[in-house]
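The same subunit A turns up in both complexes below, where it pairs with subunit B and then with subunit C.
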Partner chain A sequence: MPIGNTQPSVRPALAGRTGGPAVDPAARRRPARRAGSGGGLRAERLAPYILVAPAVLIIVLLRLYPLLLGVNFSFTGDGTRNGTAVGIDNYRELLTDPLFRTALGNVGWLVLLLPVAVAIPGLLATFIYLRVPGHRVYRSVYFFPAVLSPVIVGAIFNLLLAFDGPVNAVLGAVGVPPTDWLGNPDIAMFVVVGVHVWATFGMSLVVFLAGFATLDSALLDAARVDGASLPQVIRHVIIPGLSRTIQFVFVTTMIGMLTSMFGLLYVMTSGGPEGSTYLPEYYIWIQQGQMNRPALASAASTVLFVIMLVVGLLQIQLLRRAGKES
Partner chain B sequence: MSHLRRGRWLIALPMSLLALATIYPLLFTANVAMKTRRDYILDRFALTDALRWENISTAWTSVGMGRYFVNSLVVVTSSVILLLLLGSMAGFALSQLRFRGSSALFLGCLAGLFVPFQVIMVPLARIMADTALIDTYPGLILVYVAQFLPFTVFLMTSYYRGVPPEIIDAARIDGNSIYGVYRRIMLPLGTPALLSVGILNALFCWNDVLMSLVMMPSAEHRTLMVGVTSLRGQYSDDIPTFASGVLIAAIPVLVVYLFLQRQIADGVAAGSTKG
Partner chain C sequence: MKQRALWSAALVVGLVTMAGCGSATGSGNSSGGSADKLVVWDWKSGEASAAQYLDKAKADFAKKHPDVTVEFVAQPFDQYYTLLGAAIQAGKGPDVMLFNGGGQIRDRVDALVPLDEYVAEDKQRLAGWDAFTSDGKTYAGPVTLQGHPIYYNKALYAKAGLDPATPATTWSKFLADCTAIARAGAKCFALGNKEGVGIQFWLSALGSGILTAQEYDDWIAGKRDWNSPNVKRVFALWKEAGEAGLNNDGANSTAMFNDSFAIFQSGKAAHIIGLMSDVGHWKDFNEFLTPENLGVMSAPVVTEGTTPSLAYDGGIGYAVAKWTKDPKIAADLVRSLTSTDALKAFYADAGAVAADTTIDVSQGGAAVAGIVSELKGGKPALHVALSSKTIDLMGRLSQQLLSGSITVDEVVKQLAASDQAG
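Then we have the complex of A and B:
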């Protein structure tokens, strides 16, 4: 917008502040500019909306509206019953589908493993904060896998975890018999989760370190002067001081496990062996893309969304409780 | 205090082993990518006897990684430019301008943060198919922009909140329109945040596989990460070519990481402390 246009638009506002009578003579003296300023004023009033509109439109049309559409869709049928209302049939089918039950069971495992996935970067960040020899190097080295795509990570670990691959070779050297890491339904899911943790703990580490930067170092010094041991320092100084950061990492790690393991599953196991590595997101993709069951997939999407809402609400609950305590 | 100090050296050992475990997988892959098939089968650990760049060029040309690479580059660049433009426009308005409904609009943008792609995959694919945008570059770009816009708007809004309103008032008195303030003041002032958010968005888009898989079904439109997944079936008996393909996909990220590590970490940290 040309600069000349904007001059009058500021004026009415200033004139308005000085009082009503002052506006009229000015307007009468320059009628053309007054008209122009009216248009400019309208344009100025609209400007914030014009700036926000593209972002809001995209988010509403391609994020919020599809959410409603999907929930609606989950109550209709697939195939020959396409488009007709079927009530909760899709949800009933989900509950009886062994693959979806495995997926939910695996979500349960993720919840159980969550404290470990949070504790590892938390401990490492503590050590880096306490200036373990070489702490600068660790920070950048540990963060590095976090920038790699799950697809690349998965492809690399396919090589490493092959039956005749390096991992088994190293373990063989210390007398551990070779394991079919990705072919054994009892352990495949844990292997994939382990790789996910390997690939993402650097993210949480950086978040923890940002939290440490806000920690009052005087408390830490005091604890040291009092001769506190490391576990005592962690329990009585670091955990209370970082409670918000810890909660944030809990939630982001859980959401990461629920929504960013698709690439690993797709490349490493394709849901196998025997469907043991299904997660809801993989199930949704299979039903939508491979089985041509979009309505069933929508029902699974809705279930995943509810799980994520529960995680989010629990977080708010925890934050409130922590707020009351302190 | 002294036992803490001694403990540090004890802790440094497992930490350096972990550091090794963090880097080794990629070094192993790079080494394998330089080997011949025979070498790999005979001994997968030994250092390669020569740098066989021809493996990389095979993956680039005959496997088609080059084509996928260009596809990714086009989609990622366009998405990031759009994200930064729309995100900074909205961030400026939501942080510095007073207008009716601004907090509702901000909350609307934030709500997008809680809707992962997996949850809206089916209806979104349908919308894209209905508007003939499925399997097109603009379609995938739009999906990426929609995916990462809530986060971008959120970060830009909180960054621009730190700009003193006096600067904007002064620019207005100097005769700038609101758009002029955006272009001449806010965009240059936002450079550090735009850089951080831009790099993060570029990484997210570059690394994505699910959205691309759903929105770009045809083989010639594949992005690089989908190309990597297709390597697995085709080259399962030619591991060096497979590893070369993986390396092609990893190298750009590696280079970005080496040079812009601080911005990436800052972006992640900003997202957490402002949340």
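Then we have the complex of A and C:
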């Protein structure tokens, strides 16, 4: 039983690890070599590969292979050119398609709006932490939208924001002229992002509250004794104390915005008006499902993948730097 | 670091060698089916309103082939063509399947049997064949017709002091009527253009009063002159109607399905360009407005000398798959599914204008009787002739026209470019 053989050899290594980072990695490896002598050596060498094989196979077969297939398809044609290599024609078409450019531009807007999407739950969590009157009620009320599906949220806001809907009626009552919230190409994207933030900030709020739990209250008390105002407390005590939490929320909010707006867009605007609320995901879906252009959709997917890769790597970089600082 | 570079290099090499192989949709060939059993795919048979229709069709088929059993499999409509595409590729498809007319069936004729020799007797009795025809061959028997009549609310006409029995026949008279209707507190058109569908209905419903007969036929035949003043007029009128406040507020954020229909049904607007079958049609409107108050009018004449006609095509129809064992038996099932008795039940229960023009519709109210009487002189709808890409673009441009951020000239220029690109 080769795996049984390896067990004792692993233990000293583990013990070495618990001993602290001072242990030399080479020294850690040595006892393992000694124990696994003869026929056991081969098995021992193979063991790690066998053990990681299930995970690697799943990743390779269900993630990497489809990814490569998709990239591959993006270099083939659609319709009558189905199955023939067309080089970078699809990418050239994407670049010249104003709709795809709008979709990419909207991704830019999402990145710009990210600080707002993070600040709102952060600020509200601060108020709850500082125990504003009724903070217990707010804590549960704020979380409530997070359990609703995007389709339901979209349907609710479709009714609220309709031209003859309640929001315009209330504004009309105080003398504000009605706005076509979802029909005006200049504001529709911001309305949808606003609804998305409303629907998802509950989760970030919980993360912030968890972060507050680790905050040293003595610092807050000290600041108060020194006569710091609320903005000063936030600026000099809370934000530095929560820097890792804030970074985590940044990353998760960005991912949420880029990957889970489809439901809302589908229900609220269908990419309109005038194509102003297209996001790459929605574009891919339209090309694949409505226009019967799977190869072009593959090209758009590849572009989206590269964008996500760059954003993801940047964020990992950021987190790593933050980790070193703390 | 070196190893990582090596891996990246390997990945790049792999990608480059693989790039452009295979295809995104695949290309399978198919065979399947069974001699004593026919499998039918559709998205209708699960509905209670289609039960009678299917019973009648099955009984008719059983008379002809008592030893053949028929199984109906209802698929969800939103995934229907995806499932069908997969079945066609896998070669385990149904023997008979339901199709929407136009592009959906024309894209898949490779997998279908031409039915001309089997359905010759039905050619006169049924209408809407064109939508199921490709390169001169017929691939499906039409069940319903789909088109775009202009419905109007007679009660609102009376309230505005207009004669409900004589709607306007010219555009200028129509505009005058709209002014009267506005004074009575209602909008002229219920319009939902959130999906960009409103312009398709507009083009097809009003086109016959704007384009000359020659232009109309050329358009359908694929010879479209986007620079013709009459084509521009279609889009100019759309823009003018929006600017003159004929439409309900917020048309660009109102869904055609089904918010705009609700506006018409609730009497907030006097006209709507609706459908003939399935939704947004005479049967739905009858329920809310009562059959007495629902009228259908011809397109007002915009260009002098034009003769307005009803725009319609074959709606849905049954086709026979290439891999069925005996196409003759399957074609007989299609004939049973389009028999007069069966279609009569479909018309009465599902509220569709059936393809059979001999069905008596006088019980359904004035609107449906008006539609059926127009079928003889009707023509294919203009927007159906356009590619899905051009239609998508037209939807977005129509929204820009309503918001005033584009000119008519620019619209026809972009549409012409898209149309010519295929």
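We adopt the following convention: the second predicted complex is superposed on the first by the 257 of 326 C-alpha atoms of A that agree within 3 Å, B and C clash if a C-alpha of one lies under 4 Å from a C-alpha of the other, contacts with A are read in each partner's own complex, and residues count from 1 in each chain.
Keep this in mind: a contact is a pair of C-beta atoms (placed from the backbone, for glycine too) under 8 Å apart; a residue touches a chain by one contact, two chains touch by 3 or more.
Quick caveat, the model's predicted, so the values are computed rather than measured.
Legend: residue contacts after superposition of the two complexes on their common chain; A:174 is shown touching neither subunit B nor subunit C.
Once the two complexes are laid over each other on the shared chain, residue contacts for A:281 go to subunit B alone; subunit C is not touched.
Residue contacts after overlaying the shared chain place A:82 against subunit C, while subunit B stays out of touching range.
Once the two complexes are overlaid on the shared chain, A:73 sits against subunit B and subunit C alike. In the superposition on chain A, contact of A:112 is made with neither subunit B nor subunit C. Set against each other, subunit B and subunit C differ in how many residues of subunit A they touch, and the higher count belongs to B. With both structures placed on the common chain, the touch criterion links A:308 to subunit B but leaves subunit C unconnected.
In the superposition on chain A, A:218 makes contact with neither subunit B nor subunit C.
In the superposed model, A:259 lies in contact with subunit B only, and not with subunit C. In the superposed pair of complexes, A:298 makes contact with subunit B and with subunit C alike.
The residues of subunit A shared by its contacts with subunit B and with subunit C are 69, 73, 289, 294, 297-298. Those residues of subunit B lying in contact with subunit A across their complex are 1, 3-4, 7-9, 11-12, 15-16, 18-19, 21-23, 25-26, 28-29, 32, 44-45, 86-87, 89-90, 92-94, 97, 99, 102, 105, 108-109, 111-112, 114-127, 142-143, 145-146, 149-150, 153, 172-173, 175-180, 182, 203, 206-210, 213-214, 225, 228-229, 231-232, 239, 242-243, 246, 249-250, 253, 256-257, 261, 264-265, 268-269, 272-273, 275. Those residues of subunit A that touch subunit C in the complex are listed here as 68-69, 71-73, 75-76, 78, 82-87, 99, 161-164, 178, 180-185, 188, 269-270, 272-275, 286, 289-292, 294-295, 297-298. By the touch criterion stated above, subunit A contacts subunit B in their complex at residues 1, 3, 5-7, 9-10, 43-45, 47-49, 51-52, 54-56, 58-64, 66-67, 69-70, 73, 124, 127, 130-134, 137-138, 140-145, 147-153, 155-160, 165-166, 169, 198, 202-203, 206-207, 209-211, 214, 224-225, 227, 229-230, 245, 248-249, 252, 255, 258-259, 262-263, 266-267, 280-281, 284-285, 288-289, 294, 297-298, 301-302, 304-305, 308-309, 312. Across the interface of their complex, subunit A is touched by residues 14-15, 18-25, 27, 82, 107, 194-196, 248-254, 259, 388-389, 392, 395-396, 399-400, 403, 405 of subunit C.
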